[in-house]
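Look at the two complexes coming up: chain A is in both, with chain B in one and chain C in the other.
Up next, the complex of A and B:
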């Protein structure tokens, strides 16, 4: 009996080993390490990124995976950064050393993506960044960092270009501006751009106020805005503080001629729900809006809405698109070797397929790894009979038909 | 000059709500002699209970107290009875069992992540409530009405706890246990029951703080973390275990946060608060009202 049992054990072990080896031969999986803020102050947007990427990966795998690699499936591994740089770096190291991922993506917060980019570069693992917009991420001379979204100097540039156009269109003179921003890498990066542009544009800066994103009470900041009394208020906020600022400003009856926000928290679907009519007439800059005039965009959005209950936001679109950029690179790399994937990414020229729901016509990376075609639109939150919605207003060619922006705020 | 008065009022109101949040922490510490790291999470649970009570029934936010206080008391009572009591029993000889702190940290992570699983990371608030966005306008000054309600609730809660501890038989038993748990046991006080009650009270107070926040603040799974650190600072400032100290400590933090930004950027006020915290730890570790013998 005893020897019998031993024999069975050996046979089972052997069978398992063979089965395992067989599976490994027939189908490679491409491991993608994804670092996102899934808890903490940016959890809400982090989750939307994850959902958009889950949907894209599902689509790619269902369509037969990566054909050049024998139908290899993409496997997404998630790690929670809690929006903390040190956590993001630790998870990146774990992904590379323990999980042996082929590629990294994430990390939403610029403050996390920045140090993670250095880890990726050191190990020679490509790092595909959908949305962290801080300029410096692609300006370190790194070879392994690729970014889909426009960088923040382009965002601020377009915000001021928009303001100039509105002044002309509505014949309103704007003299003073105020900058209020969260004190992370992202907010500070925007503020630097704003200061330069305000000087060039001849605007007087009456308030330059960073605040901690974790603040429990923003009425002191709102009081400062009220006392500075700017014509136009520029904001860079995460979700919780965007909601708190908007509601508190309504309470204190702070009404500048225009409020120009910078995506992020203001583009979070829970922002509209939690602010209601207090957010009316606010302008926001985004990569993408649901009313974009691109084939397939409405279908993708509908599918997403059915799955998760809200519209795709600009950042979710970048996250979604990033997965197709990755799939395209893998098809051309014909290898799971990080170096080969990196070279394929660098040679990306994507003009067709599901990724083309973006507002521009091609995805191509320049030498620094920045997507050179990324473009932005301005929207206004308004109620034109169907409840509060986000309506594209700028550039004028993209403006929703028959919509007249409200400027200045009544 | 006027704006300093306006900001001071806002600071005192907001600070009293911080103080109310810290009050629960101080009650639990006063009796159990352990820092409850899950306190912010208890506040979060209280906020969700209040949020759903108001949303589902459409009642006045403050009426939800009749739901929140008993629910949170039972929640805290059971939490202590099931999770924390066994550790106290196994560490009978120690006056300040450190392991309990580790357990409360575990409770914090579990509660926050449970909330994340169940409710998702969305920011919620109640759009239609009679207090939302209400402002009292006195000349050029504006005072937030929901914060004013919070202020009076904080005072009332502190008074109720004070009277309970001073005037009732149960309160005396709680104080006796807090002074010396072995001597109290010798007098026939069931110390573990007292612990349960103290923890229940602390949790209920966290619930009350949650109710005051719901009319004007967002509810989300990690909301407790934002208040946690403030609570610890306040409790050290006011003196561990001191009820009045918690309220006053809260108001000091509130005023710094509210008046400070008018003279510097808002991020600096955080630094000032931490500096004050450190200064107190160095110079007067017992806090403003901390006494040598606790209560």
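Up next, the complex of A and C:
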């Protein structure tokens, strides 16, 4: 009797173990909920984000999925936020409650990522943010939010560091600066940083001019710039207004010693096409440039260009890289449990693989969830015999070989 | 059973179903959709006091939503005042703004009135977008205000679950419907309808049309602001583009037009039709063909406007009356 009961116990245990193992094998997909602006004012950047992530997910799944989870595939679910916070929140909750996603990513617009981070925190679902740059997103004391891109304050910090280095390198004194920016969340955040840094650096602010990004005529703004006559002009613009400003400034012959833009519209592929020669010598800060000196970067860019018809932009790279950060975390978590994924993300130290097309050497998150190595580069738009192109100039170690920046602008 | 009691019965059943719904709908997503549905039904019913009864087309009610949301949020974030109190402060403030807007604009007719209200609302939004501090009050410009989800409970008007929000907005909706019903049967209601349809005739009968419209506007903007506070406490994040955008004003007007302006059931019917169309088309098509859900929304709108220009309320009421007549043999009912 006794041995019989033991046998039954063993059999039951064995059955349970097999069933458990079977359940683990049957779980072949990891669901990722991705909230992006797919319609509305930010639709084009939202789409670029989606394309970069589609490409990364395809690569990861084709390479055998997540090996630690028996080759589990990543399944990406997309939702449209229309750039509206309340829709983003609704979609985040739907992803968590109805679709039972294991992880959230998105949401491009800082205004959407911000409230979504609170939802993710409440439900204990990790939220991997590739590019929403507002500082506050990782400064709420949350445990479940992780950001790949450099935050706002780092962008402005590096713009001023770049200016100081240029002054030294070219022995030119810069005394006055002007700030012209779109009057949204993003532009105002940048302007706040600039004002602080200008004061610290001893620059005189001769113009502080927010404008609506939807304006169809920016000549009043340009006239103000002309009148203020700054040594250096700082810009934060979306695509249409970046083009309009650049062309109008050329028309009015406004030529400061340097123009320093903040990515966004100035980094949009349409900007170079629509401004042509007018954009020559403009400096722009970006996370990434196609001429970055990293193995695999040119190949990845070529593949992307072949698929979608244009170059990878800094934001798309962050979106692409985020998927490899996720895959790496899943391999280490060996589980689809959101808490385990969160802990694995927090312990990320990624130094190899396709994610390393970024301009820096490792991806690691600090206690707030911010990628602490995220770095930025400055580029100059110039024609050195092959038409207008974006050439990396700063930091000096990343500068394209044999290129000498043009500073101040002739 | 008397016929009038029998006619009231479906309403009671409806109310019971509405109150019991969270027992059946456990998914937070669907509750969220239902809450927004009731919120818009509430907003449109409040709007209906002016836009329906008074016969004008105000397209700036988003400003009142924003004033309500900002007032209670600023008061609770900076001074620790419970949003329930802030809600009514916002209502009064909004009422004041409503009257200020109403004084010059009610003299205008038709499209001019609609355009003037748009201009006022957009003006207020642009102001909020460009002001970081209004005296000691932190408005935070375009970046908006985040309500930290720390203190939950009835006093703080903040809950971890959706059910309390559901019941709050349901009670608010029931209250505003009852108020509308009372007004439609009061002197003010008749004044408004008369002034809306034939202002000259009404005036010659000694009705102070302007006065009645202002009273309606004050009430409507007060009630709309209450929904603003609800919105802020529900989403825990407000910025001018979310709580003051023209989209809200337009959606309210669309719901009213589709449901039927000037009737009590119209706003609810309109919300019942339009909100699910907007939410479900976004959920099911938002990722496959970006923007398709907006097209579907537009097509539904056009179809109803083409075939039922006075809203869905009319044919539905006819149907309902006929069904009730069959059921209780009350063929003598008027209408």
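Just so we're on the same page, the second predicted complex is superposed on the first by the 384 of 410 C-alpha atoms of A that agree within 3 Å, B and C clash if a C-alpha of one lies under 4 Å from a C-alpha of the other, contacts with A are read in each partner's own complex, and residues count from 1 in each chain.
Please note the rule applied: a residue touches a chain if its C-beta (ideal position, glycine included) is under 8 Å from a C-beta of that chain, and two chains touch if they have at least 3 such contacts.
In this text the structure is predicted, and so the values were computed from the model without any measurement.
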Chain A as common anchor, with chain B and chain C clashing or fitting: clash
Chain B versus chain C as contact partner of A:114, first or second or both or neither: second
First (chain B), second (chain C), both or neither touched by A:251: first
Partner chain in contact with A:47 - chain B first, chain C second, else both or neither: both
First (chain B), second (chain C), both or neither touched by A:188: second
Touching partner for A:270 - first (chain B), second (chain C), both, neither: first
Which of chain B and chain C A:409 touches, first, second, both or neither: neither
Which superposed partner A:39 touches (first chain B, second chain C, both, neither): both
First (chain B), second (chain C), both or neither touched by A:217: first
Partner chain in contact with A:90 - chain B first, chain C second, else both or neither: second
Clash-bearing segment of chain B, relative to chain C, as chosen among 94-102, 166-174 or 202-210: 94-102
Chain A residues contacted in one complex by chain B, in the other by chain C: 38-39, 43, 46-47, 183, 210
Residues of chain A defined as touching chain B within the complex: 38-41, 43-44, 46-47, 183, 209-212, 214-217, 219-221, 223-224, 227, 239-240, 243-244, 247, 250-253, 268, 270-271, 273-274, 276, 278
Sites on chain C touched by chain A in the complex: 27-29, 32-33, 36, 129-130, 141-144, 146, 148-149, 160, 231, 235-237, 239, 241-242, 279, 282-283, 286-287, 290-291, 293-294
Residue numbers on chain A that touch chain C, as the complex places them: 38-39, 43, 46-47, 77-80, 82, 84-87, 89-91, 93-94, 96-98, 111, 114-115, 118, 122, 134, 136, 140, 183-185, 188-189, 210
List of chain B residues in touch with chain A within their complex: 3, 6-7, 10, 14, 18, 112-113, 116, 120-125, 127, 133-135, 142, 144, 216-218, 220-222, 225-227, 230, 254, 257-262, 265-267, 269-270
